[in-house]
Amino acid sequence: MIVLMKVNPSPEHVQMMVDRIEKMGLKAHVIHGTERVVIAAVGDKRDGNKEALESYDEVDKVMPILAPYKIASVEIKPEPTVIKVRDLIIGGGNVGVIAGPCSVESEEQIMESARRVKVAGAKGLRGGAFKPRTSPYSFQGMKEEGLKLLAAARDETGLAVVTEVMTPHHVELVTAYADVLQIGARNMQNYHLLQAVGEVRKPVMLKRGASATMDEFLLAAEYILDQGNQEVILCERGVRTFETHTRFTLPLASVPYLKQRTHLPIVIDPSHGTGVASLVPPMCTAAVAAGADGLIIEVHPDPPNAASDGAQSLTPDAFDAVMEQCRKVANALDLTM
Amino acid sequence: MIVLMKVNPSPEHVQMMVDRIEKMGLKAHVIHGTERVVIAAVGDKRDGNKEALESYDEVDKVMPILAPYKIASVEIKPEPTVIKVRDLIIGGGNVGVIAGPCSVESEEQIMESARRVKVAGAKGLRGGAFKPRTSPYSFQGMKEEGLKLLAAARDETGLAVVTEVMTPHHVELVTAYADVLQIGARNMQNYHLLQAVGEVRKPVMLKRGASATMDEFLLAAEYILDQGNQEVILCERGVRTFETHTRFTLPLASVPYLKQRTHLPIVIDPSHGTGVASLVPPMCTAAVAAGADGLIIEVHPDPPNAASDGAQSLTPDAFDAVMEQCRKVANALDLTM
Amino acid sequence: MIVLMKVNPSPEHVQMMVDRIEKMGLKAHVIHGTERVVIAAVGDKRDGNKEALESYDEVDKVMPILAPYKIASVEIKPEPTVIKVRDLIIGGGNVGVIAGPCSVESEEQIMESARRVKVAGAKGLRGGAFKPRTSPYSFQGMKEEGLKLLAAARDETGLAVVTEVMTPHHVELVTAYADVLQIGARNMQNYHLLQAVGEVRKPVMLKRGASATMDEFLLAAEYILDQGNQEVILCERGVRTFETHTRFTLPLASVPYLKQRTHLPIVIDPSHGTGVASLVPPMCTAAVAAGADGLIIEVHPDPPNAASDGAQSLTPDAFDAVMEQCRKVANALDLTM
Amino acid sequence: MIVLMKVNPSPEHVQMMVDRIEKMGLKAHVIHGTERVVIAAVGDKRDGNKEALESYDEVDKVMPILAPYKIASVEIKPEPTVIKVRDLIIGGGNVGVIAGPCSVESEEQIMESARRVKVAGAKGLRGGAFKPRTSPYSFQGMKEEGLKLLAAARDETGLAVVTEVMTPHHVELVTAYADVLQIGARNMQNYHLLQAVGEVRKPVMLKRGASATMDEFLLAAEYILDQGNQEVILCERGVRTFETHTRFTLPLASVPYLKQRTHLPIVIDPSHGTGVASLVPPMCTAAVAAGADGLIIEVHPDPPNAASDGAQSLTPDAFDAVMEQCRKVANALDLTM
């Protein structure tokens, strides 16, 4: 950490800060600038004392040096993590595509969805059985019945099932049916849930919270990794900004940024990232071109009659076209899709 | 809802939309503007079909009319809800003050905190026993031991205990010790947790998520109310914006806005709202002047040695001064504090 | 416009609003919903009376229907506007690339930059002679001397010169040297400047303000178009959000959104959009894949010694690689580059 | 500056960076941490080389130490700047109130406004003669005719006239009529305009840009101060965030934050800060309680017929009530109003 003292500290104050830093088990280096005094506090502490140091009256601010996450970082594991489950491969030059409806609504709907996305080239099937909904009056999902339908769709198509788990109490149940457990954006900092899926031995797709910083996102992944589950897929699904013409703002620069910091693969969700079906296709090709390790896309056989997220769901025909365009881009950039 | 058709719809398309709207059980009124066609869809549906209508190709956008929440709204209950628990009164012209450390750390620390904030005039004692922390490597709270210390502090001082519950599984335990259950900002959309505290018969303080809209905030309250718990306190604790000189941006206009929409009382948290102890006092007086029904303030006997949130915690002496200033403002505006 | 009345208006209040709306020259249609009353105000007014109607006590809110811009809209001119200046073609399936240093610093620097970006395939040369700098103590540009150097670089290479004009008083001077006048993000709502460049008969590249909505962006273009200059290029350069790991957040969904609303071409600036040189290349390929009509990229022969924006400037070698990757994507998607 | 090297730099790279830093005229202190190497670059350079250093491949990031502004800072001038013009006093324990319509519309309208706000206790009269409007089709102000009407209102009431200047070319004209020149939020980084008003010897009220950081805001003030005009009033008028229930989000914590950093007085604009007349009164009292040195409030004799900003304008009667409440708060806190 770098401790910036307030203007014109007395030598006594500087010495007091040095003593406090050393009491924390850190080494203190005092640097006298032309106008300010800074103290570098050296040691392996992951900046856990930032808050404490910042609360001294004599301190202006404290700047952390080390990234707060460890297991997720490229410094610990330089080679990229590749997730393989059934035919779905995410990372390592493979663009894995997961597609399907927002919610599982009926046998017919999920089967039709699964068949169509499979033919188009998807390797994973999405579909919510437990649905976190902003309003208590909205459709809340088919629950276990929905999980059974997802499993049936997998049995027929071979697609890997990706579905959300909302609360620690359901982890065992969802794990029994799913191939990949999804943690939704609203639950990115639901730490008991993160710890619960950290104990499972199936991959977890962690969605970025709508206003999470990159450090917060990677620390949420760290909660899972720290429990021993090394198969974490990061998912960028857009952040909340002042923009209202899209549901969220989708920052594709997250892809190269994360690749510089973490070995975990990164998937893009252009459906939530835009919230508008007509904007999804160009964001799919753009995500592939940005180097994303996968895509998760909402596809519904009949969007206007979807129980949720109709406005951002592609029809199966539109999805066919998206896959064709994405494959062109992937091929051009020597990626497998 | 108001359905805006795309430019120059054919009469057949307009008729199709009318048929769809009526099939939803709504009445359709077509209005031909000079350049655009809109269809007003009338009926008691809380705009649940917005998404569905928006997914038709012929539709440009759908604008909701009704607020999506009901039980929380002033239309259902015009008289303000006042929360009374022990000597803490929030709402109805009373400014209830809750103060104490971020985390319970030791018997001495919580007792000292409780005594000092009590003398200064607080009626509630805050203190986290279960702590949601961004990093898995940070102090996670004293858990049940912390709850016991809070109860002991209440026994001595009579202060009402306000403490966080993080997961449905802990609701029973925390309810056994707390007077007010707190739902943290990270869990504002943890729906299983909201439903669990909705079944309790103790007041719940619901903190606004860092990027929650007002509708989302009130819908989260609605999840609690809908389970039968009518004692919900809303807490504005700042939103995430581009500003970095404060930890969050504290929008005090939330107070009058919410008072126009909901009967629930609204409390301000200037400690998280700024993240900087020296900015807390003026935000406390400002919150009282804005009409807040209460304040929740972090106070620690020794901020630099706090296990969490030291940089935003007031010393007991600073809290004394804050209370004095706030009381002046409250008196001037005929509020009880 | 749709005027939403407050809850339970009296018949007299509804009639008063009808009268007011009709006095504005609009037709009023009253719709009685189950809980609310709305009045549709029909007429060709571009919602100029929104504010006035919203200020009546009886009104809850007013929702505009018509887009506030006209000349910029696809409704007025459905065919895309293509900008051609020297060999630079922006739009109509052509991806025009403009590259060069942030600032013109010396003859050697701008000549070297021009030669290298030309060889790599750029058709436009960027370079600031008048520099808007956040600090008054930063390098403010070479001014007219810089314009002369840009013109000399054009004479040698044939590249079209794109350079910023900061104040109405300089429009004549800059127009004498530039092929395309750039309006910077900070000046997007400098209306006197917009009107001044609207009177010129050279293309204008208008950068989106860091917190401008799409309507505000298109209305700024409308100021230029309204003066008779039909050659406006829109440039998305990132918006200000809570994210700090990039300088701005680059929303590539702006490309397809704008293409649905306006005939004006849209160029992406990944240099300002990320602020980090290592993130620029993937954002270039992503922008091409998203359908951008052009790119504007900062390239400097010696970034660490750049007078401005060194951290986000590519070296000429890195730019060569970017162009190669972008061309692959463009070819795959049948675009000309 | 603190230069953070990338992980595991070679001793040669560290030495190269030291050489570069020393070539810039700074002293380099190398600190070897347990995992990272940082180099403190010491010298009086206001961090102008941050960008350059950040562009080296070996550098992870560069953290500035010194605030980038000088003349505006409390370090240069610890005593608060108080602005006095006619009876309007802003700062030094005085809460100066400026009120009036958004735009000057007619003699009757501005005279009526001036008389009413004067009686209520305002000491300044606001009113736009040159209006920056988002749309080219909106009312653009009465221009010089409006300035004359403002001057006439001053002659009758003695109120100090505060009015906007939009372009350098108008500075002389507006200065001839105004007592305080206002720079609007859209022009906060219009540097030619800032320099032009910096040459005037009348106070300037500088509004914060809707997405300006505090450093950018103070650097904009620095442009004015640097030209020799020491009378700058800062005005917080709300920032653009994801919130849509208010026009902007008004961060009152700006008041104490700025008071810690600058000697310049700070005024709050709750009219633009909320955009909703019914939210203005509590934000006025809150601003006074937060320690603001002044308020600027939109008041119109007939808001529904205002040419601009009707929805956020108070009636004269509402303004009377606001002033009464504010005075109560000011008295309670020993402020003069």
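General observations
As written, the chain order gives the labels A, B, C and D, with residue 1 at the start of each chain.
To be clear about the criterion, a contact is a pair of C-beta atoms (placed from the backbone, for glycine too) under 8 Å apart; a residue touches a chain by one contact, two chains touch by 3 or more.
Remember, it's a predicted structure, so these values are computed and weren't measured experimentally.
By number of C-beta pairs in contact, A-B leads over the other of A-D and A-B. Of all chains, the one whose Cα centroid sits at the greatest distance from that of chain D is A. The mean-CA centres of chain A and chain B are about 26 angstrom from one another, to the nearest whole unit.
Distance between chain centres (mean CA atoms), chain B to chain D: 30 Å.
The mean-CA centres of chain A and chain D are about 38 angstrom from one another, to the nearest whole unit. Among the residues of chain C, those touching two or more other chains are numbered 211, 240-242, 244.
Listed in rising order, the residues of chain D touching chain A in the complex are 2, 4, 7, 29, 31-36, 38, 40, 42-44, 63, 65-66, 75, 240-242, 244.
Residues 211, 213-214, 239, 241-246, 249-253, 255-257, 260, 273-274, 276, 278-279, 281-283, 285-291, 325, 328-329, 331-333 of chain B are the ones that touch chain D when the two sit in their complex.
The residues of chain A lying in touch with chain B in their complex are 20, 46, 48, 51-56, 68-69, 132-138, 166-169, 186-187, 189-193, 210-211, 215-216, 219, 222-223, 226, 240, 277, 303-306, 308-311, 313.
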